[in-house]
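Just below sit the structures, each encoded as structure tokens.
Common to both upcoming complexes is chain A, partnered first by chain B, then by chain C.
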Partner chain A sequence: MSMRTRLGFSVCAIEQSLYQSFGLGVFRLLGEDNLVYEHLLRHKVDEILLISPDIRTNEFDKGYDFSRLINRYIGIPACIGGSLTESALKELLEWGCVERVMFSGSIQCKNQSKINIVTQLYGRQAVVGCLALAVEENRVWILEENHRRYRHLSRSDIDRAFDLCDEVIFQDLGNYGKRNGFHYDEIVELTPYPNRTIINGGLLRTDLKRAMRDGLAAVYLDNLVMHSES
Partner chain B sequence: MKADIQQCQKCGISETYFNTIFYDGLCGACKFENELTDQDYNQRTENLHGMLTHTGGQRKSKYDCLIPIRGDAEDYFILNYIIKLKLNPLVVMVNNYFLNDLAWHNVHNMITHYDVDSIIFNPNINHYKEAIRSSLRKLDSIYYPYKALHYSYVIRLAKEKGIKWVVWGQCQPIEFAGKYSKRDELRLSSWWVAEHELGGKTFDAFLGTGVQLDSKASLPYQYPSKSVASGVSGIFLSNYMKWDQRKQNEDSLLSGFAPDTPRNTFDKYENAGSSVYYQLHDLLRVKKFGVPKLEQQWATEARKDRMPICPDREQLHRYLAYEIDSFFSEFLQVTKSGYEWFVENRLSGVKHLLRTEAEKQFDASNTLPSNKCASEFILFKKGI
Partner chain C sequence: MINILNLGIGNFNSVNNWVKQSGKPTKLISDPMSYKSGLIIIPGVCSSATLIDRINSKNFNQLIGDVIGSGEIVLGICAGYQILGRHTEEGGGRECLGYLPFDVMRVKDNKNSDSGCTGWKEVCIKLESENELVKRFQRNNFLRGDAYFNHEFGALVETDAITTTDMYDKQEKYCSYFVRDNIIGFQFHPEKSSNFGLKLLGMFV
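And now, the complex of A and B:
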């Protein structure tokens, strides 16, 4: 019998505020982080994914001030991802204010020092992978580690992600923040482990129902949460 | 200081307002102004019609949608649009007690002209005034309690009546700030209200300490729980169509709308008949953001090439003259010394704008004949 599919919310975090991403490089302010956390409690989400966008490829001076998590009680288990130095990551984990850490670039490159830090301090169950994908011409593409271009997604990309991580997010970047629906048929059929798979990016209610039926580990909503009451 | 404030090269709106986003010198509203083609708009309008008319065989109410109104010209446009779709709306208004006889005329005329069912909710005046005193003290706002009450009442009423759609008109974060694209499917939610209407402060956070409202009195102001709000969807018409506020407002004259003779703006339609909107409410806006409502309205006209670019704040201030004492004496019933204390201590940075005449006047040729109110604050008035 499969566990219940968890409901999560993914959001971009910059300085002290949270933003809704509408695809790569487009961010719209949701408000100060406290306000958004408060509304997530209303929606009874099981977990939150906070992504601090890479300041090298976006026009921001600073990433999210993750130290804010140290002094705040969010009430929702937090998974963090994005640009963090090794020392900052270590400090956050030592404070115990995050539950899990998400890696996208690191699972594609040889340097796995940050993954090792998380594994040593929290165990592998705290390591979450993310495959940032786009579907075009019926083919699935993956965003490269440097965030500059896409290449074809291969079986080895998927196997490697599941080898390194406890759960893997299949993120439909092309539909992120939109209401077009997730490319469910094209993407979910690729996972060898539905019970370790999280889907994210433009999910609609129909996608949620399918995910529950297929026994996926979790669904991470984006835009739908803040612009909806059901 | 002036040189540090970015202004849009096209419309002149400044960066200090409503989280305006700039893209290479253009504000978001100008950038997205011509983002959609006529074909896109047709498609979006078709989607809107489909949404509003599709009942899925589960219609729970005799009404197709709820239309919240405040008695200004925009309401006429929304109502006219919905009726043309052959939908049966229920009109709802939360009385903010700031309306003069002109606004009440416009409300009652609209209801009779379009022959629609309506509900006007008059909140407990004592609780309401206490909330206003507190929000003025804590947030420099006299509209906060009304906005909190307005949205929470409308959503509760929609749920109670089994109405799925609440139709709002202009989406200000699209039209003024360009925070969103028209392609984004926007819906009203508790977060939306807190972030865009309540300045990021939920009613619970506002209550904190010092607001003399018990839990029963504050309940109507609290946004409904998720179980109440679920099943009700709030949409913005301007998310689905090319939005030209001024042109739409002018059409309301054909339906008997009476324009205002407002101070501190050239717009005789938006919030016509409010005794505070372009007075104390606007002055508090100048205090907080440095710019009046006039900036948004001017920039909107400039964006559509009907007025020259909006000038900087120093020039805008020359058009402003506020007289706010009647709000304190008639509405809040504050003593003269109390009023003087407030001006001296809380409005010190803008008290030079408390004057009977502005330095500059708007060109009269740009305006239409309008009406003057006979009474500033009417607690409740029934009939036309």
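And now, the complex of A and C:
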């Protein structure tokens, strides 16, 4: 069935507040989580991605308390991800308040037990992958699982992500938080499944129009409608 | 009272928060013995194989049958809808409850490849005027809006079977909703369908 391109929003969730992320380790406070949810719902966002960032890579020592979602009505799909241990993931799934789970590092590592847990209990439609990418001299690089270095993105990285996940976010990390434009030509041409592809990072209105024309699954607008860093 | 099954999987709390918007009292039930009266909702966001296993192991299959027999409404959402059919091929295959005339199969696209369905699509719901729900609630029998879908398996309805339903909307032969007497099934997620979901809440709850 043909679906329209969804307009989503990704936010970093830390303690009780939501932040906008600018690359790795730089955050701007959006506000208390409940107020931000209301704001996004008022603007008819199609979905929301809540990322609790890896606490090893930033100044915060606490992730987000996802149990805050248990009593909160959010009338759009909520996807969560980031730094979940296997036990935390199992606990979270039992709370019955999320629809999808996003994996970034896990889709690169050999141990896929966390992805398997979600697939077995929730089905593969609940699994979203994220490829954190950078484009340099027309070549596309992927940030390694340990966040220490980039390596060339290979076809097998992409195939593996689509095998494991229902949809895959192609994140332009080099433009994340900026309004420089998404590396659309370099990145989108790599996907074998446009209708299962989500793009995020540095988007301009021209990128949004192209994504809708090309039938991408979703775009995460982020800096296009909120702050951006020069 | 609106009862929502809590089988330890799926988005039962999201469904609970959605139903609370109606102002009606809700109750999460994880044991059939705690059911007293009222409508039952079977939430989704899970594998239909895992869901039917848990329903059977906790004896909710008996309760669902009793509630349907009593004339109370049973509403299944996504996998909760799928397990009201005859059989699911998910998870290696399982027999289901058999209240609705369909089998649950992996969704295929036009090239016969596996194809998930994630996103928003317009759904048009029509209730026939003689439907029991219309008589009971005297509510609107027509509703149109954008609904959120997220599934890889779907309720595959035989063409003849569709004509026996009170209302239907089909994607190829996959049935996005199904109402028969006091049994309602939504393949989409009304609890995550924003304004349309809230309007549906008014129609059925």
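In this section, the second predicted complex is superposed on the first by the 223 of 230 C-alpha atoms of A that agree within 3 Å, B and C clash if a C-alpha of one lies under 4 Å from a C-alpha of the other, contacts with A are read in each partner's own complex, and residues count from 1 in each chain.
Here, a contact is a pair of C-beta atoms (placed from the backbone, for glycine too) under 8 Å apart; a residue touches a chain by one contact, two chains touch by 3 or more.
Owing to the predicted nature of the structure, the values given are computational and were not obtained by experimental measurement.
Shared-chain residue A:R6: touches chain C; no touch with chain B. When the two complexes are overlaid on their common chain A, residue A:D46 makes contact with chain C while staying clear of chain B.
By the touch criterion defined above, A:G123 reaches chain C but does not reach chain B. By the touch criterion defined above, A:E38 lies against chain B but remains apart from chain C after alignment on the C-alpha atoms of chain A. For chain A, the partner with contacts to more residues, out of chain B and chain C, is C. Applying the stated contact rule after C-alpha superposition, one finds that A:P192 touches neither chain B nor chain C.
Touching of chain A by both chain B and chain C, each in its own complex, is seen for residues 44.
On chain C, the positions that touch chain A within their shared complex are 6, 8-14, 16-18, 20-21, 43, 45-48, 50, 79, 90, 116-121, 148-153, 171-172, 189, 191-195, 197-198. In the complex of the two chains, the chain B residues touching chain A come out as 19, 179-181, 184-187, 189-192, 194-195, 200, 202, 225-226, 229-233. The residues of chain A lying in touch with chain B in their complex are 22, 28-32, 35-36, 38-39, 42-44, 177-179, 223, 226-230.
Across the complex, chain C is touched by residues 1, 3-4, 6, 41, 44, 46, 69-78, 93-100, 120-126, 166-167, 196, 217-218 of chain A.
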